[in-house]
């Protein structure tokens, strides 16, 4: 493993059989350390509300919800199994039709593969995409394998550091900007951290057309920085981590590829950072509890920062 | 509020405008107290994996998942917006079609209404069902209003206390059994707690037909007990909290009605308690982060106990 | 039945137990007569292509389609059941998430009920809505009860008769305009006919925002005209038969109510009439084969006119 | 085209640009001829009702339907656009989540590709699968390109000819049996015909587990027979045309490959033939009106035989 590099990326940094990636750094010790950050007991909700009008790429499709009035069916079911119901109640449920990458969400490793010279696509740890993908998700690396994320979270307010409301579309944040913003904030990034980067682009959340036209994002050089710092997850307040248009013309999604496929570092997108930015809250316990849906490639999140 | 009772249940115990219910007892102080329970840094996952074969009532419908190969579309999208992509990647997502009460989940107040003498159904705090329910969920009390749940969690192993693998179908647990099991465990329930009750029925999880044929559950008298103890949420390892067949013939879902509609106390179902039961872990920090889906009536959960 | 009127509308014109409505007029004799209209063997397709961008009311939701790559699963299934597959094939399917009123479609009687003074809603033939509607559609009057429609079809080109490309939004077509346009065309409407009315509004099909902002439609007086002529079905090239804004302020969907609920006459919407209008084809065999989906309230159609 | 063979199968029998296949044989002349078969005006419905319990392969998923109560939304929409609604109506719709191969259905050419020595899969007319398949179906050969099918239909009652209720699972029908059954019936197959083959297996329709365990079907030699007779479509009363287990071990779906990929002859499955079998109706006008869903690979059908 000492020889791991972005060029020689599998077996993974965490062993040839690993499916967990940098979440291996979540240990009882790291959890204890992160939990000790809680000193006020205040929860900041880093999630946007999910409805049918939220920004989402067309190929995912908008969430569609549909009320089920289960009362009627319930009555029939009751009466068949338990004799006539004498009291009365109404019941409703929602049937949801949503992408597993809806709203504030986390990307799992089976989401992205990299094209190889032989024409194959490889996922994290060198797993061949076509060997694991099927109609109902993937047989390995599925969402059911992702541990919950309880860790120290760090906000880097790059937009604030640069004195702007939001970085411009296509802007590629560089490692030296991360370091400078951290220094200005008086915070440091440590091994095992979750790093949230504030671009300001999330202010477009209620204007999907503007939000989805492109975005500032993490430049490709942030990949090696993440490995050097040994962080476990990124979070951004835009929809695809990488800047769009791309930093290097023709090079699609380099951070998706270097982080998810190679370094085993996850990505969270559409993180709602406005409140912690406004309050200058840079360090916190961060909690993400991805759903355990078999074979899924990501999870909508109720993402929490606790101080 | 001093006059609140199960007969005189609205305005609610938490005021006439309240939509939060007993989660009002989640405060910075209660959170700090709960977080201090973390002493080992070990996370226990209280959630079952969600796939198409899990137990679920027929009127909810099984989860259906469908892989989306977004690569192709992505390529077209890239090329249109950013010029020809020169590197290559594969991408997949899952489109999910699921009930908001799938798998391990929490019930929100808009899930159940009680029939009134005038023929109307009332939800929590006396909200008229027909005034808020629409095609896409409810305009009040929707899942987007449910705060995250960070609290002290208590397991009551009733099956263990009674020396059985699982309680029989239809068995209605009584408050004195809760008290006796708590005493035997050496644990107490405090204001603001989340109370998990182990019936053993969850052992049927992989055998949906058996699991769904009926269940032991919380007897009706557990409702007043919950209010007296001032707990904020129940969790059970079966699918509907109430015993089936019903404790009192003809009286459908009394705990759903007394807890969700009247007392503002939520219910979690299909909680996977096996590991904490086996390890006799009775007290923990419990974390539930319900999705913020507008108008939804419940949320699948990745439910966590941390010690 | 001699006493049937729009005020005294149930039992229906076709008996107290009828679920078929005016399609009772489709008989072997009427079919033979309609089939004899075929003299050239040319089929005109009256259907629009269904994709995710078509005009549709927000509460129905756009069609969402998702390719299923069944190959992988198929291979596993093969190998499990029949031994190793030695040849190779790819397979794909589409999972469809659509409203039963998508695109060119027909409305079934269970789609609409009329409010009664006692607060109940009644469907065709006086069936109480709440007695038949459940989570999965209706137990009576569902799409599975709708016979196929093989009949004489008549086009009335009202827009053409009035010398305009399209009638203005909100325009309510009156019976005397139908009669005058028929006379100008040299066609007559006979018992058992399907009557297509061309408003020109379908030219907006590729511009959903414009199409859905309102529409010209059939004025309320066309209801009695339809009963007097004894037609079995209307078709329009707009999305809701009735004009929007409504002919009489505050009176919603009078044609939906008079036709579907009372007279047992069905409605087809989003009928693509451009080609038969351009070719002045006013009389034809019309063929509609609604899907037999249990409990559904309408069916997308591949609607055909054959000359 | 004279050199076309199953070994040398593209360009197709209908030209290098063709997407229509044998439906090219549907012409005004053939339609006129077919329509002249209607002498009694009686319609036989060859479709099964679609509900959540019908037989369907697991990878397609059962149909799921969900009532939408559009009333509430409609009211809001009305009031916003047109002022307060003063009369009242209820409205319901169904949201459908179904496979495009649900129930009685027809397969389109984009459904199946054949593995080539170079590792590629080719669809009808040599179209490369990977060049046309995307998230939302295929860019060529989609259901929107399938013409309606109005043709002469012929029933071959093979089960009846062999004096059995149903052929056994795995039974592969041979061309000489088709010929002999035709002779016994006194019917002949002509160019442009749709040929329905009765195996009796459809009697299992209400018992999905039995129906889906395997099936009798068309032997591989029926492929050349179909080309020689110049038929345009097959229909069977089982779910996958080919026998299961396969006629030749290891050779999966040879009729799917030879018919859809090579000969341009479509397949209909789950055709409900019981009534025409019982009445010994062997010749009829057959009508199939596939939905025009962009990119889809097949269509549920309301299939009609008219005499």
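Should a chain be cited, it is by its letter among A, B, C and D, assigned in written order, with residues numbered from 1 in that chain.
Here is the rule we use: a contact is a pair of C-beta atoms (placed from the backbone, for glycine too) under 8 Å apart; a residue touches a chain by one contact, two chains touch by 3 or more.
Chain labels with UniProt names: A, B, C, D = Kynurenine formamidase.
The model shown is predicted, which means the values in this text are computed figures rather than measured ones.
Participant: Taking all residue numbers used at the chain A (Kynurenine formamidase)/chain B (Kynurenine formamidase) interface, answer same if over half belong to both copies and different if under half do.
Facilitator: Answer same: the two copies use largely identical residue numbers here.
Participant: Of the pairs A-C and B-C, which shows more C-beta pairs in contact?
Facilitator: A-C
Participant: Counting in whole Å, what is the centre-to-centre distance of chain B (Kynurenine formamidase) and chain C (Kynurenine formamidase), each centre being its mean C-alpha position?
Facilitator: One centre to the other, that is 43 Å.
Participant: Could you give the separation in Å between the centres of chain A (Kynurenine formamidase) and chain B (Kynurenine formamidase), each centre being the mean of its C-alpha atoms?
Facilitator: 24
Participant: Considering chain A (Kynurenine formamidase) alone, which of its residues make contact with at least two other chains?
Facilitator: 52, 58-59, 61, 64, 66-70, 73, 95, 97, 133-136
Participant: In the complex formed with chain A (Kynurenine formamidase), which residues of chain C (Kynurenine formamidase) make contact?
Facilitator: Touching chain A (Kynurenine formamidase) from chain C (Kynurenine formamidase) are residues 52, 61-62, 64, 66, 68-70, 72-73, 76, 97, 133-136.
Participant: Which of the residues in chain D (Kynurenine formamidase) end up touching chain A (Kynurenine formamidase) in this complex?
Facilitator: Going by the criterion above, the answer is residues 59, 64, 66-69, 95, 97, 135-136.
Participant: Along chain D (Kynurenine formamidase), where are the residues that touch chain C (Kynurenine formamidase) in the complex?
Facilitator: 27-32, 35, 38-43, 45, 47-52, 57-61, 63, 65-70, 73-74, 77-78, 81-101, 103, 110-115, 121, 129, 133-138, 144, 147-148, 150, 214, 244-246, 249-254, 256-257, 287-298, 300-304, 306
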